[in-house]
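After this come two complexes, each holding chain A, first together with chain B and then together with chain C.
So, the complex of A and B:
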């Protein structure tokens, strides 16, 4: 075997330490959770309901907000306008502020006294303590992942292809739907998956807006507070497993689609 | 007919100024210029992709200066072809036909007709990434042609191809033009321009400096830039004949010029570099196959010595040093012998 130079050895060691740092706590928790605990937790109706709720709300939030977020990403990739870098900075804001603070901000924004809250009340929708409020909180903290990925995707589409489509008689809308969107699709899907996964795992912002109905991160927090570490661990392990499975399944789906397209060629 | 009247466009750090020319129906018009001269920007302005600041653009008498791109009836083929990578060849070619109120059999007929001319019918179900550069170029041409554009704009269509493919594509472009398709073709390549153009416009720094037939433009260059572009003052339209394996070019009937080039066609252009022409006081035996007696029409100093204009039935420009001019005692209307090698005579089909 080739001998490593001291430098190579040092960076390999650093890499291994970082990996260990990520894997060790998770592995420790998995080891500390017995299969029987995990099994009984999986059969717990409250746990099942919260996991279903978490997945559905995050999915709904992702799809609903994507409708406007994808055109915004296109705008950022293609058009120059005044204060564009300020807009890009604002989009990244939810990533850098504390999520509990984001939750407080959203609570103020959707509470009954606010304009949005009043509009919601008018159609019988109360955001606070409602899945809609949870969706808003999830979307607030996870939107930057979608917008940035989609923007990179659109930037990667050669402008010449869009120009060519225009000279071939296509309207700007047709150019967007038949050229830009399909060619940026891979990045957009990866952004959608990231947004969905990030939304599902959100705790800080959601708990400010809605303790009930209880999404799984809140449930884990509640079990820890009420019963201690041992009771919180099985739910955590189960939720991590499910999040990972969803994440991997979606990634595989996106990849299969790409491979299928390549195979068609 | 396409008419540009005093068109000006502004871009960051560059502008096109007072561009005027017209292209008749069925004409093959070439815009020749160095890179950075604004050729592609002008083409995109004609297509509607770049805004025209002042002046007007007319197509068959209709003002289309501010017409929407989609309604201009102008097709544009980009230098890098811009074939959509996520669509099959057939989907690419059918792209402009959507929303044209055609039945699917009418669409198929149009695609069949165009792909037959371009010889790409067998490629219809292929994906673009499996095509060669030449095939992509044909697909891009087919896609532009199915719209039946009044004007077909080509941006450096032969620049990314090897020489064999280039002559194939040239023949194809001539064939498309012969079907009556008006073509405006942008290039920086002198040979390409001369070989394809009915008329040429020379673009320099965003301005048109000369317009005319290749013979008008390069036979009597309007300025040093045009002359430099050709690199050559001795530029003639010729008919060529093969006589016992030798190519003889006739700029005029009684001046047979021997060349080592063997063009496929029997007409074209002849070019001889000024530096390749040798002058002498009397005829002498040499390896040069072309030897003519002529009369000095003019002589004047040039950047590198003296330029001598000699009439041998055609006007030839020779470049010699001042010392040689003195030694030969060059005088206007004096007799002189002109010699040049067959290998220095370039023939371009066109």
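So, the complex of A and C:
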């Protein structure tokens, strides 16, 4: 019989309490929603479209901004430069900015008369009220998660491996793609999932930039205001269930490769 | 091989590992102060008069005048802690009906919201107190700002390089009032199709609450917005006064206003409700379950007095409609009876 030390019991208790803290409000919401309400909401075309839109825009925003964010994370992990702490602090800013303030800032940044807005108009794109604007708002509030996770991932890759590859004749680009990136991949994927998740749930910043098309957080808010809790809750429950399955799937996909190599070893 | 022995660490050892005694003292003091500062003050009635928290849910367009009224009220009753929450009038009502959030006073931009949603289950009466009017608001940075006037706005706003914003008729009284105003304008200016042209243009700039439109105009995202005159005055924006026949201000034109109707979302998805045009009236009520009725009644009396609350409302661009007739005079609290007509 395994004898748990008091310390192990204590941390198990703490873990259980925290898990309960997360699960309890959600369970309350699930219990309050009847299966029939849930099914009729799932069949509602407006809800389906909104959930699809939210997932796609956040996915696109994550992938698009990851292309530049991952190199930044690599730089932060490898290079030392003056004011590095300031840069690190600035990267964390979007997390603390109140969402409405972030939304107004983004609005000013992409509106018709701004530099970005004018560039957009040149190709016929108006960010306000367009999925592109929603993507910008989602990315703004969720980038810090990716950058920090990727930076920690790259920091964990031993520099001597990179240096060894360089001495063997690999170019810096080849080192990045064949050594650094694969070894940091697990952290990067974690960061990508986090950025994707955070982007999907953004409300305050997105609603400033685009009310329509309605992403699901905005739809829930609108439904609550117009029709009440009975019609807003099923949408929330549905959104949570779909998001949960997406995250579990992503984490399983990310883990499978590691588990395989560990088993082979 | 090393022999691991299990032993209990005492609490002192654990704390000693993580906290020096001095640090523990600092943290404890901080926590005590923190909790004392943020503890609820309760709703007791002190010997000197009313005290405690007073929770007011109000429409977005009442934010500025109510903040001033609350500040003036606090000078007379410093023991009262006024907590105000702005939201769309319907959303505010939902917080009470669906979420059961405690509230003393609910003030709406449209009296029918209180009549339809709160009376009789959550409130017994509804007192009308102020009016407002629809107008076209713009900043100096707006395109064609120097040329626009009450006569040509219908053409200028239709120009392709001009953007205007309005609020969602399904969520906000200002939204459906805008649509009503556009319908009335179509008749008044004798321009068939005007309403549809306006409803179809610039839909990306629609926002749920009228005060969200301010962010759009102040960032230059739009040039013009359809909003209440009071909001324009409060935010020092320029505005065009529209004729009384279309601006929903004047009760003398009530039958004119009643000739237009707007369909908005009803009680369930898919259901629709019809709103008829009428002069804009703001109203408020004290909830039956108000936690702090004494303070609420005193505040209500302050709000409705001509030389106190209503003076501030007038200064902020909203005319008074006190006293207005009510159907259920006997239900009005005694302190507020002087402010209504039988």
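In this text, the second predicted complex is superposed on the first by the 241 of 265 C-alpha atoms of A that agree within 3 Å, B and C clash if a C-alpha of one lies under 4 Å from a C-alpha of the other, contacts with A are read in each partner's own complex, and residues count from 1 in each chain.
We adopt the following convention: contacts are C-beta pairs under 8 Å (C-beta built on N, C-alpha and C of every residue); 3 or more make two chains touch, one makes a residue touch a chain.
Predicted model, so just to flag it, every value in this text is computed and none were measured.
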| item | value |
| --- | --- |
| Partners on chain A (chain B, chain C) - clash or fit | fit |
| Partner chain in contact with A:111 - chain B first, chain C second, else both or neither | second |
| Partner chain in contact with A:229 - chain B first, chain C second, else both or neither | second |
| Touched partner set for A:128, first chain B, second chain C, both or neither | second |
| Touching partner for A:177 - first (chain B), second (chain C), both, neither | neither |
| Computed vertex angle (chain A) for partners chain B and chain C, CA, steps of 10° | 150 |
| Chain A: partner with more touched residues, chain B or chain C | C |
| Chain B versus chain C as contact partner of A:208, first or second or both or neither | second |
| Chain B versus chain C as contact partner of A:44, first or second or both or neither | second |
| Contacts of A:164 with chain B and chain C, given as first, second, both or neither | first |
| Smallest separation in angstrom, by C-alpha atoms, between chain B and chain C in the superposition | 21 |
| Overlapping contact positions on chain A, where the chain C interface meets the chain B interface | none |
| Complex contact set, residues of chain C against chain A | 6, 8-9, 87-88, 90-91, 94, 97-99, 163, 168, 170-171, 203-208, 212, 215-216, 219-221, 265, 267-269 |
| For the chain A and chain C complex, residues of the former touching the latter | 5-7, 44, 46, 103-104, 107-108, 111-113, 126, 128-130, 207-208, 210-212, 221-231 |
| Contact set on chain B toward chain A in their complex | 44, 47-49, 69-70, 74-76, 78, 80, 82, 84-86, 95-96, 98-100, 127, 129-130, 143-144, 147 |
| Complex contacts: residues of chain A adjacent to chain B | 158, 160-161, 163-171, 174, 178-179, 182-183, 261, 264-265 |
